[in-house]
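Two complexes follow with chain A in common, the first pairing it with chain B and the second with chain C.
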Partner chain A sequence: MPSHNPSSDLILQIEAVTKTFDANPAVDCVDLDVRRGEFVTLLGPSGCGKSTLLRMIAGFETPTSGRIKISGRDISRLAPYDREIGMVFQNLALFPHMNVYDNVAFGLRARNRTKGMDGKVREMLSLVGLEGFEERRTGQISGGQRQRVALARSLVTSPELLLLDEPLSALDLKLRRQLQVELKRIQQETGITFIFVTHDQEEALSMSDRIAVMNAGRVEQFGTSVETYHHPRTEFVARFVGETNLLKGVIVESEGANALLELSGTGARVPVPGGAQSVAGQGGQVTISIRPEHVNLGAPDEHLVPARVRSHSFSGATITYTLDSDAGPLLAQVAFKAGGAHPLAVGEAVSVGWPQTSVTTIPA
Partner chain B sequence: MITRLIALSVLLILPLPIVIVVLSSFTSAGYLSFPIHGVSLRWYGEFLGSADWLRVLGVSAVLALIGAFVSTAASFGAAWAVVRHRMRFGATYETILLTPLIFPHAAIGVIMIVTLSSLGWLGTFTGLVLVHCILTIPYAYRPIVAALRKSDPALEEAAASLGARPWRTFWTVSLPAARPGLVTSFLFSFIISFDEVTVTLFVVGPHVMTLPVQVFSEVLESASPVIAAVSATLVLFTTAIVFVLDRFIGLQFFVERD
Partner chain C sequence: MPKPLRTALLLAPSAILMGVFLIGLVRLVSSSLMIDGQFDITHYVDILNRPDYVQMLGRTLRTAALTTLFSLLIGFPTAYYVARYKGNRNFLLLLIIFPWLVSIVVRSYGWMVILGPRGLINSFITWTGLVERPLRLMYNDFGVILGLVHVLCPFMIIAILSVLMQIPRSLEEASMSLGGRPAYSFRTVLLPLSLPGILTGITLVYLMATGAIVTPLLLGGLRNTMLGTEIFQEVMHFFNYPKAAALATVLLVTALVVVIPIQIFERWLARRLREGESH
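== the complex of A and B ==
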């Protein structure tokens, strides 16, 4: 009986991988485990190292140190064509001198798997909804269709792992949303592990099983979309993923599961999670993150922090207020009901509060 | 208004000598003159019926084919190194490749005499191939470099990620992606080589002669209208190649910025 190997459901293991260019680390000692069938997103601003990390997995860059394993086997030094990893490129890199069919068939021909090739190519074209486009040149089809060709081409060899390097960034918003849904559907239908690189946090939140937020060559947080959004572990993650209010303060009381934070600037004392969730003991400096949609606005003195409306912007279902307070500028997003109360006027005095459960503490 | 007039007259004056040569090739008289006296195809018959003329035509054609092939292949290698491998001193290297364009042809001729004699290739076909390659590489290089700069370097990575080994990637992706540049280079090198006179004049010998140089020496000796017929054929040939190039690939490679 084969013994259960806990790493057998890991398709990709990145172990202490570092890549330096001219002594500058582009990827700085990254560890990452990806499970079979997962949709993982590498999210971060440009220059954070996400593309370099992806290119090392693909084999276009060699790690300066560390190891990359696929299904437990070290592939760090293997040539890209020996890796059997699919990739969709940022500019798609469709072969301009070939028609759609030959583009998709390329991987099968290159690996000498021409037996049953025709059926496979047509199956892939139907998976991405491009039946009947076989003879078209890549220059004769739309951006969204080119995207689908690139996807079909990379999936035809049935790779276990598919890397996607910001493939949707050149498309307009509507088409982008549509392809996000389709990518997710295809990923679920094929069961292939996707590693998706993007700088768009909305895209990351809506598509991923797990998100690795990267900054300056490091992974700052690796967790589910919900964890990443609601429990950011660093100030960078809190700021980069969604909008947030960051308030600084000092822990003045810490007892059991509750602690009390004195906000800098206002002197207001607000309850924050303590105990196991506390990131600092009594007297410690912390930052708290509160998402704008959790902020409650009330009459002056109703809540803890007094503030004044600086501006507001209406976006259909919600209104977002920008407020000035002694703790700094704050954002509050409130539901807007037709026929309900009028929006607050600019300059109006209000007070700001939030449910205790919506507060995330971050080490300052 | 004035500039339009100038442009118009340039457009008219530039092709005028060519028109005159072509017209005078149809003369029935025994001497080169314009306007012509009587119309006939007599001199075309003379040209195509002469073993000597056909032999030099053959030499020129084979020389141009080999020269164009070598230049195109060498330029592809050079352009690949400069564009795809971001070769060190790539810009300097490019300038050196293009120097035959700005070097006086008389100087190149003298240099080639010295070089070829030391190699023992003066007055040989091999010597001519070498000289024509040097002269055509600047023309062959630019279209290829432009084609490579235009094509996405991720193409080769895409091929590799699909399992293609370097050779397969080269033959099925890199080379076809540069095809418009390669065809342009080949045809332009062919034209330049086929029509080259000045430098060739220095290095031909009693055993090997090209068509344009033969025309030149005939002009010095006689004024037979067969020269006009040969020239008209050369013009027709060159125009046909340029027309094909413009029609199917375009000549924008020569005016585009890198």
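== the complex of A and C ==
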């Protein structure tokens, strides 16, 4: 495999792409730039347009407007077989009338690149760990192995770009985790740019260099996993990527880099990071997001917001409390101390606080 | 209900049907081989010695083959269109089977109205002055094949449609994304996977075309009779049952010579395809 060039040149440029079906926009004016060698995930709920966007990149749908460029060349109107783009389908779409070898060799035969075909097919099969499976029929191998065949088949023609449409969604959790690691390894080994579609935010966070969170046909946020998780730019992103507490309030004081937010319902005044004023001036409505794992629980008067325990669930390393407060229901995830008794009972009065740095401001 | 009884009850209808058909078949063949209670192959010798019968057999097989071919050429694209149609597929299916709602005699008369010497087509083209004399569109093989394709094509469409519906669109997309142009994708993916349905359609249409009676009678005229029509006339007009039985046996055997190998191939193919599918 050629080692990939870490230069930041763009392999894929999506420019103002819109796709409407019967006047309903499935993809609504999306702009997206993907750098060579990146692992980019399109993340969103079903019906958000992520699959339609992927299918337009593959060439199975034509954009209603806008342009899609590969390495600077406009390919929006090119037939799928004239694009050098690999694709792994959600149902894998292995050819049932062919054995593993013929499935993998298909792309080379279709493009008439049969010179050295045997070596390439075997190289791909060894990349995905399927040596010795050449003669097996696709119905005689396990789900994970079928997954690997699909991957080998799409990589054998050395495409510049590989599209993956929720390929792991049919697998059980354990196999899924294993294949996520392997996909990432193969992506790094081959240096091929991956565009991965999923609705599973954990999958997206663990695998991607960058995540494009999509909702209702639009990209709400495009950034690294850490940015997406810790600095959600919209309420949708905050809610969809991980669990979070969203609190509404009004800016009552702002001075330089600091501002004070009065939480609706409680009257409690909490400091919010600088920049909140730029989103909303004094008296402006603001929503803040605090991840459950950043929430501190204390004795009734220790923190700013009083609350009461409604329920708790134990999940090994942590306990997640659902709390009732005047600011609305809150989630708090705290580390479980070994040997300790269950610290808080249902109905117990507590108070809730958080480090100022863990607060993300979202424009209302 | 005890299981053996249930099985017996479920098998009974098909057993009765098969029994009746088998008795009929045995009696048909045996009556063709008997004259006055004696074993005799005179009827067969007579048939083979009459050039018009041999010719008729040839015409029957050729007409059936051409009908099958045209039904396939029309049927496959139609079935593909219906299988990939995103709207109301049932409405399209209704349109396809619509010809079956009309009696075969009425349908053939319909074609006579269109194709006849003073029919729709001929009166139009003579009126435009393109030709001086009406074209001969019926009372020949053309008319018969046209009529048969009209009647039998739906069988082909439905046989092929049933397999195309089982082939996910993503297989074709996978082929395209791997660089397979439409012709290549068709040849390497769609055709092999739909072959069982194509073979079923071919068998159905071919068998029904070899045994056709009404369409050749009405659209073929007197000089272009097919074997089915001839058998019908031997029975209904001349009451010559043994001869009709011999002709029917000849027809049956020649049809089976084509159909049985196709069926064996189809079974083999279907088994192979099943092995490749996911569990």
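As a working rule, the second predicted complex is superposed on the first by the 349 of 364 C-alpha atoms of A that agree within 3 Å, B and C clash if a C-alpha of one lies under 4 Å from a C-alpha of the other, contacts with A are read in each partner's own complex, and residues count from 1 in each chain.
One rule holds for everything that comes next: a residue touches a chain if its C-beta (ideal position, glycine included) is under 8 Å from a C-beta of that chain, and two chains touch if they have at least 3 such contacts.
Everything numeric here is computed off the predicted structure, so don't read it as measured data.
J.: Would chain B and chain C fit next to each other on chain A once aligned, or clash?
T.: Chain B/chain C on chain A - steric clash.
J.: Looking at the overlay, does A:Arg111 come into contact with chain B only (first), chain C only (second), both, or neither?
T.: both
J.: Would you check which partner chain A:Arg185 touches, where first means chain B only, second means chain C only, and both and neither mean what they say?
T.: After superposing on A, A:Arg185 lies clear of both chain B and chain C.
J.: Scan A:Pro96 for contacts with chain B and chain C and give back first, second, both or neither.
T.: So A:Pro96 meets both chain B and chain C here.
J.: Looking at the overlay, what does A:Arg310 touch: chain B (first), chain C (second), both, or neither?
T.: Touch partners of A:Arg310: none, neither chain B nor chain C.
J.: Does chain C touch more residues of chain A than chain B does, or is it the other way round?
T.: So, of the two partners, C touches more residues of chain A.
J.: After the superposition on A, what does A:Arg77 contact: first (chain B), second (chain C), both or neither?
T.: Neither partner.
J.: Is A:Gly139 touching the first partner chain B, the second partner chain C, both, or neither of them?
T.: After superposition on chain A, A:Gly139 lies in contact with chain C alone.
J.: What is the shared patch of chain A, the residues that chain B and chain C both contact?
T.: 58-60, 79-81, 83, 85-87, 89-91, 93-97, 106-107, 110-111, 153-154, 157
J.: Within the complex, which stretch of chain A touches chain B?
T.: The touching residues are 58-60, 79-81, 83-87, 89-91, 93-97, 106-107, 110-111, 153-154, 157.
J.: Show me the residue ranges of chain C that touch chain A in the complex, using the header's touch definition.
T.: 168, 170-171, 173-181, 184-185, 188-189, 192-193, 272-279
J.: For the complex, which residues does chain B have touching chain A?
T.: Interface residues on the chain B side: 151-152, 154-155, 157-165, 168, 172-173, 176-177, 179.
J.: Quick one: in the complex, what on chain A touches chain C?
T.: Against chain C, the touching part of chain A is residues 58-60, 79-81, 83, 85-87, 89-91, 93-99, 106-107, 109-111, 137-140, 146, 153-154, 157.
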